[in-house]
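Chain naming follows the written order as A, B, C, D, E, F, G and H, and within any one chain the residues start at number 1.
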Amino acid sequence: PFADLDLERQQRTGYPETVFGEGKTAEQITAIIEKFRENEQVVLCTRISPEKAHYVSQKIAQAKYYQTARCLVIGDKMTASPDSYIAIVSAGTSDIPITEEAAVTAETFGNRVERVYDVGVAGIHRLFEHLDVIRGAKVVIVAAGMDGALASVVGGLVASPVIALPTSIGYGSSFNGLSALLTMLNSCAEGVTVVNIDNGFGAAYSASVINHM
Amino acid sequence: PFADLDLERQQRTGYPETVFGEGKTAEQITAIIEKFRENEQVVLCTRISPEKAHYVSQKIAQAKYYQTARCLVIGDKMTASPDSYIAIVSAGTSDIPITEEAAVTAETFGNRVERVYDVGVAGIHRLFEHLDVIRGAKVVIVAAGMDGALASVVGGLVASPVIALPTSIGYGSSFNGLSALLTMLNSCAEGVTVVNIDNGFGAAYSASVINHM
Amino acid sequence: PFADLDLERQQRTGYPETVFGEGKTAEQITAIIEKFRENEQVVLCTRISPEKAHYVSQKIAQAKYYQTARCLVIGDKMTASPDSYIAIVSAGTSDIPITEEAAVTAETFGNRVERVYDVGVAGIHRLFEHLDVIRGAKVVIVAAGMDGALASVVGGLVASPVIALPTSIGYGSSFNGLSALLTMLNSCAEGVTVVNIDNGFGAAYSASVINHM
Amino acid sequence: PFADLDLERQQRTGYPETVFGEGKTAEQITAIIEKFRENEQVVLCTRISPEKAHYVSQKIAQAKYYQTARCLVIGDKMTASPDSYIAIVSAGTSDIPITEEAAVTAETFGNRVERVYDVGVAGIHRLFEHLDVIRGAKVVIVAAGMDGALASVVGGLVASPVIALPTSIGYGSSFNGLSALLTMLNSCAEGVTVVNIDNGFGAAYSASVINHM
Amino acid sequence: PFADLDLERQQRTGYPETVFGEGKTAEQITAIIEKFRENEQVVLCTRISPEKAHYVSQKIAQAKYYQTARCLVIGDKMTASPDSYIAIVSAGTSDIPITEEAAVTAETFGNRVERVYDVGVAGIHRLFEHLDVIRGAKVVIVAAGMDGALASVVGGLVASPVIALPTSIGYGSSFNGLSALLTMLNSCAEGVTVVNIDNGFGAAYSASVINHM
Amino acid sequence: PFADLDLERQQRTGYPETVFGEGKTAEQITAIIEKFRENEQVVLCTRISPEKAHYVSQKIAQAKYYQTARCLVIGDKMTASPDSYIAIVSAGTSDIPITEEAAVTAETFGNRVERVYDVGVAGIHRLFEHLDVIRGAKVVIVAAGMDGALASVVGGLVASPVIALPTSIGYGSSFNGLSALLTMLNSCAEGVTVVNIDNGFGAAYSASVINHM
Amino acid sequence: PFADLDLERQQRTGYPETVFGEGKTAEQITAIIEKFRENEQVVLCTRISPEKAHYVSQKIAQAKYYQTARCLVIGDKMTASPDSYIAIVSAGTSDIPITEEAAVTAETFGNRVERVYDVGVAGIHRLFEHLDVIRGAKVVIVAAGMDGALASVVGGLVASPVIALPTSIGYGSSFNGLSALLTMLNSCAEGVTVVNIDNGFGAAYSASVINHM
Amino acid sequence: PFADLDLERQQRTGYPETVFGEGKTAEQITAIIEKFRENEQVVLCTRISPEKAHYVSQKIAQAKYYQTARCLVIGDKMTASPDSYIAIVSAGTSDIPITEEAAVTAETFGNRVERVYDVGVAGIHRLFEHLDVIRGAKVVIVAAGMDGALASVVGGLVASPVIALPTSIGYGSSFNGLSALLTMLNSCAEGVTVVNIDNGFGAAYSASVINHM
């Protein structure tokens, strides 16, 4: 069999196994979802193209597709407690596909999300206008490509944990996100940890664990 | 003046500015400590060589030096609440200078720490023997050099947030920690975020923020 | 002539020259196969697209195409001795095209193969469930992308030689398999040697040599 | 002869050739200075160790050594016009050797310099406290190691040209200044151009050309 | 909202925010332009494909498209003072898309531009034929791919500031512009600062700031 | 004008300027050829796609296209002296497009060429079978991808100069020819110099200069 | 405690845990050896400086130091069966410290070793003179720095498994062994697997496992 | 024995094996020289520290040491034909140790050498002053660090073969010669081939082969 599903993961880590859609066929994805649904878990699939989403939706009626985020969710989102929330802060308009992957993941896993988009350091007053929302979050995700400088700036302004999410936005010596990744790993502000380039899912997963504490 | 100290940092982020000892003279370090002590903050200095520690200790009586961790602490550690703790897990004996930097940082910032050292995946049963301690932690730091594989393995076994700390231990194509860093950024287990190579301080800082939630 | 075939290779190394399909036209591949068939050797062609396979099959009747593995085999597989076998262990579903290249190669070269797929370290209990099969093998191939951590873990559990096969599965800082390659070269478990990224053929070739000892 | 001096450079570019001290012996440096002095030019030598400075000073009486900047100046500084100035902004205390190389170069070439040191983005309020001085400059040099984020932030706040000067300060994945260099090349703020890592001399040279316009 | 426009940028830095077209949909670009036009600013959009340009032009009548430069300009160019100018020097014919991005940007921002194209160092006499035009410029942009050597040569010949613009032209070990970028950062001629690979916009922006001094 | 042709190059270096086809339109190529033809020079164009070749051939009757080599030649080849020749040795079938670019270039520039293809070190006896031809050459070009080992082996066997030509053939950690390039630069045999990855033209140009001595 | 020894390793993998000497103090090494000796295992310590060897030898009488190999062995070597052997082939004199680490490891683990040193491809006839010894081995280790080409050549000549051992010998673009590592990973000969740069221990360990089959 | 000397190399390639001094002990070097001297060959040793030279000179009377070049020559230089010569052109004073390694090698191998040092492109008129000497050479070696631009410029000016010799001179993003190496590999001038960073010996060896044609 092509897949050996980790059905006990929810019990072990608090969350079910997520289906990473890249490099799997629509048939494989459908079969995996059906297997998980036997256990009545909510299933989150990431990196799903519109074509694959279309195929799966025809087989599995309740599948809901989030196009910008390229996510497919089957089953009800976990219930969010409204008191605490995750802030997702981004530098530019082009980061939105990645931040929406993070947002849909966080909401599926039962979190309230506040989006603060397009507040990169080239016009830093935009960030300060939203500082209350950002400081009020239990945990903050900061997404940026190019220079990735936003993570350090936010890291210096808040007391909550910051998860830095480098994106592959940029050109030339951004080297598909390497520049932003290195910037964030070398943040001169403390309290900043980093996930892989374009890993919106991973950033939201870790944020969710912290937000539910 | 050579330094523009961030005296309000404790108020803004919950922790005072830490003194990074590399690239500063013993005189500069002493002057900075004295400035901070006016505000009666505990001062943590990292990357302090024995020679610099000796110099500072002669000027500032209450300075306490942790040789393996290369840290100097002036003033009382913050009080730790004994209920929750940070587990620091490491792959090998050679990682100890970095894990001790993390441990001293965490203890200075008022955390209880449990050390689980030398349990790398080459003999994975050693890890399972300590699984209760690791699973009981509110947040786990996993340090490893060479293949860095321990972070993914621990990440798959616990429900708490994991902070992966790549170390520069290794040779040849470990490229001074690059191998372990990439492994950890590409962790196939979720809930793992990463700090810079050998950044024991940074791992402990973020862990402390989470542990105090 | 575009090719100077190594017709004595089987005599020298025990195995005939394999045709690497990438960068050769379907016409060239057909001509090479016909040349080898004069010597009545089994011919293995790797990295063959469905289109090229289709072309060749029309010219050479007995050609058998393995689509997932992208391999084309002309002539009978060598006879396998059933006593010893090669275990092919993989981390995830997405590694299957590479592991199948390895499996078809090994079977063509007269080996029994046991497949243990999708047992990556994120859910390490899956690996332990198959430990008997893995430990029973004369030689083990471990394929993984992303963090590549599975090779070190298996290396620490078995006494037989482990051939680590990094795959290009992943994104961002996996850098098309570089992350997994470095992890495997820096394995803290002993007995692990490494082949090129996505080189399923090469892993199986070396495994076959050992398995036939 | 070991050197073919560019004696017409001042006429061609406005500035005399500078002596780059690394990789030259103290004897060579002395001989070069003497040759230039025949033409009565001020001579600036960079990257001069205290030992070489000592040797040269014994041969050439009017040589003045700037130890932190590791620069040696022979002859009178060019006269500075007091109206316009270069602001040199730095992220941390450890950048000072590089920023002082820039400052001594700028002053030797007849510029007024305003130093704004240790105002990195981890405590961004420190930057805002000095914004008037920075905005008042005709051209701004921004030096930073580690995340290099300060250049983008300053770039977004001023109307004058910004010359970003990455320093090799940092550890681990800072890769001796590569991280800061990439950040600065990918600045999302406009008006930022970049010089080589630790090239304080080069940053000041370009700033001087602009400041004298 | 997908964009948080920096409407005060012109007041702060002298120039309005430019719309970076890559990674934005034609709809988003149109909406952003309309928002800026409320403030009556000239709007420059870079990295606009012909398809997107076509879409926008149908909604916004006065949009003017520069195909080689892939730029879209809405509103009147700022008035250029004819006395001083920017020279744009390039090594080869293939650099033209990048140098035209620079030229259109500079002209939109109110600068006179002199183009000196295809004068790379393989036939250096071509450069000398144009030396008067180059030396007469207030600031010089030098674009080159492959070896990037032209920037150093021009840097040694002029007294004005040189902005080096590496292009991704080349193959093999040019690594998409990395070779030219490194050459330019290591220029042995002084007065050379560098922008990101293919960043014609950024080179022109900085040149414009200097030219208007 | 988009091109500033180096019409005196033949006089200066012995060879006319060659037209590099990548990144130029078919119109531009045609115009350049026509300009050169006014001077009655033979014109060599490299990296010409079949489509561009078709376009140019319709405008310029005597254009001759070499499809495998992707070269277009207009005018008569220079006359070759039959006594000395260039040997072009390659490791595998897949290197042929690059070695043919070298062969067509060499023949156009008036050289006799001997091709020794597909003699890579995996079957080193194939190389020894052709040793007389290789040793008889005045200069030898050795092309190889993947491990690039052939250049060192040939370098150790011949007394004539060896020009190593790395190709981008390979996958995984061949990194598009980087592996072969590094191997060749580090050749433990003497008398080996290296050109850029896939630079068949450049290898042949240098070989031609030597062969005509 | 600083070490959590893997005392069951011999039972699990056939070999006891080896002590990696780098980054451990002489005291730590002594304590670890004593712990292992309680179980009466032979102890192999690698990467031991003469100073550390001296310290340990004073505490533990039977310790035997191999200076060139930088190995320390405590207890009797395992008994070697004389029939089969490991050939260790090296390119040059400078590789000897690494090949001796391999040789001592292999001999300690009960293998007969045949050394064929300094037969790099620059003088390939030297290799052919020793071909019988190399072909007679059950498994072959090939060590080389610089171009690393020897591994491919040997790989094409033998039927037994080849373990390629890149060394850090070289300069410039050898990048401390990276060049040889890449060459070996991209070997065009089959049957070659690779270990980390300078990992003589690891090559011998894997060879030993195969030789004992 | 630690060395397997290639005594027939002179017969095979025209030149005796050269002794690379790095990583060999003074004793090993002495023994190798004595072995070669039995065959009455001139022996060239490169990368010899003053200490090793001193040791060898005491054993072997006729050894002559060239300190700047770090070369040791035993026996008479081969006789040079005065008609043709090798020009060695360098960019700066700091390149001299490498260019002298090239010069001593060339002279030992029977070549007349003309040195044109310190004529880097920052003051390009210096190069033109020496153009006659450079153009008169049968082959030209061009050494440069930092931007490496000199090779392209010389390549465009001469008709003879150019061997580009990148040096590790520079700092920051010169990455120990990588910048100059890439520049030279991507030379837009033809007729340029490249050797390894700091490989003065290799450049001279290839130049000697060509000069003796």
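Here is the rule we go by: contacts are C-beta pairs under 8 Å (C-beta built on N, C-alpha and C of every residue); 3 or more make two chains touch, one makes a residue touch a chain.
Remember, predicted model here, so these are calculated numbers, not experimental data.
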- Those chains which touch chain G and also touch chain E: F, H
- Message: Which option, E-F, C-G or D-E, should count as the same interface as A-E once over half of the contact pairs match?
- Response: E-F
- If you fit chain E onto chain F using the CA atoms, what's the rotation angle, as a multiple of 5 degrees? 90
- Message: Can you tell me which chain lies farthest from chain G, using the average of the Cα atoms as each chain's centre?
- Response: E
- Message: Between chain E and chain H, what distance separates the C-alpha centroids? Give it in angstrom.
- Response: 42
- Message: Between chain C and chain D, what distance separates the C-alpha centroids? Give it in angstrom.
- Response: 56
- Query: What whole-Å value do you get for the distance between chain A and chain B if each is reduced to the mean of its CA atoms?
  - Reply: 27
- Multi-chain contact sites of chain F, meaning residues that touch two or more partners: 92, 122-123, 156-157, 172-174, 178, 181, 185-186, 190, 196
- Query: Each pair of chains that touch: what are they?
  - Reply: A-B, A-C, A-D, A-E, B-C, B-D, B-G, C-F, C-G, D-E, D-H, E-F, E-H, F-G, F-H, G-H
- List of chain G residues in touch with chain B within their complex: 1-4, 6, 8-9, 17, 20, 22-24, 28, 166, 168, 176-178, 181, 196-199
- Query: For the complex, which residues does chain B have touching chain G?
  - Reply: 92-94, 96, 117-119, 122-123, 125-126, 169, 171-174
- Message: Help me check something: in the complex, which residues belonging to chain G touch chain C?
- Response: 12-15, 18, 138, 156-161, 163, 181, 185-186, 190-196, 201-203, 205-206, 209-210, 213
- Query: Can you name the residues of chain F that touch chain G in the complex?
  - Reply: 91-92, 120-124, 146-149, 151-153, 155-157, 170, 172-175, 178-180, 182-190
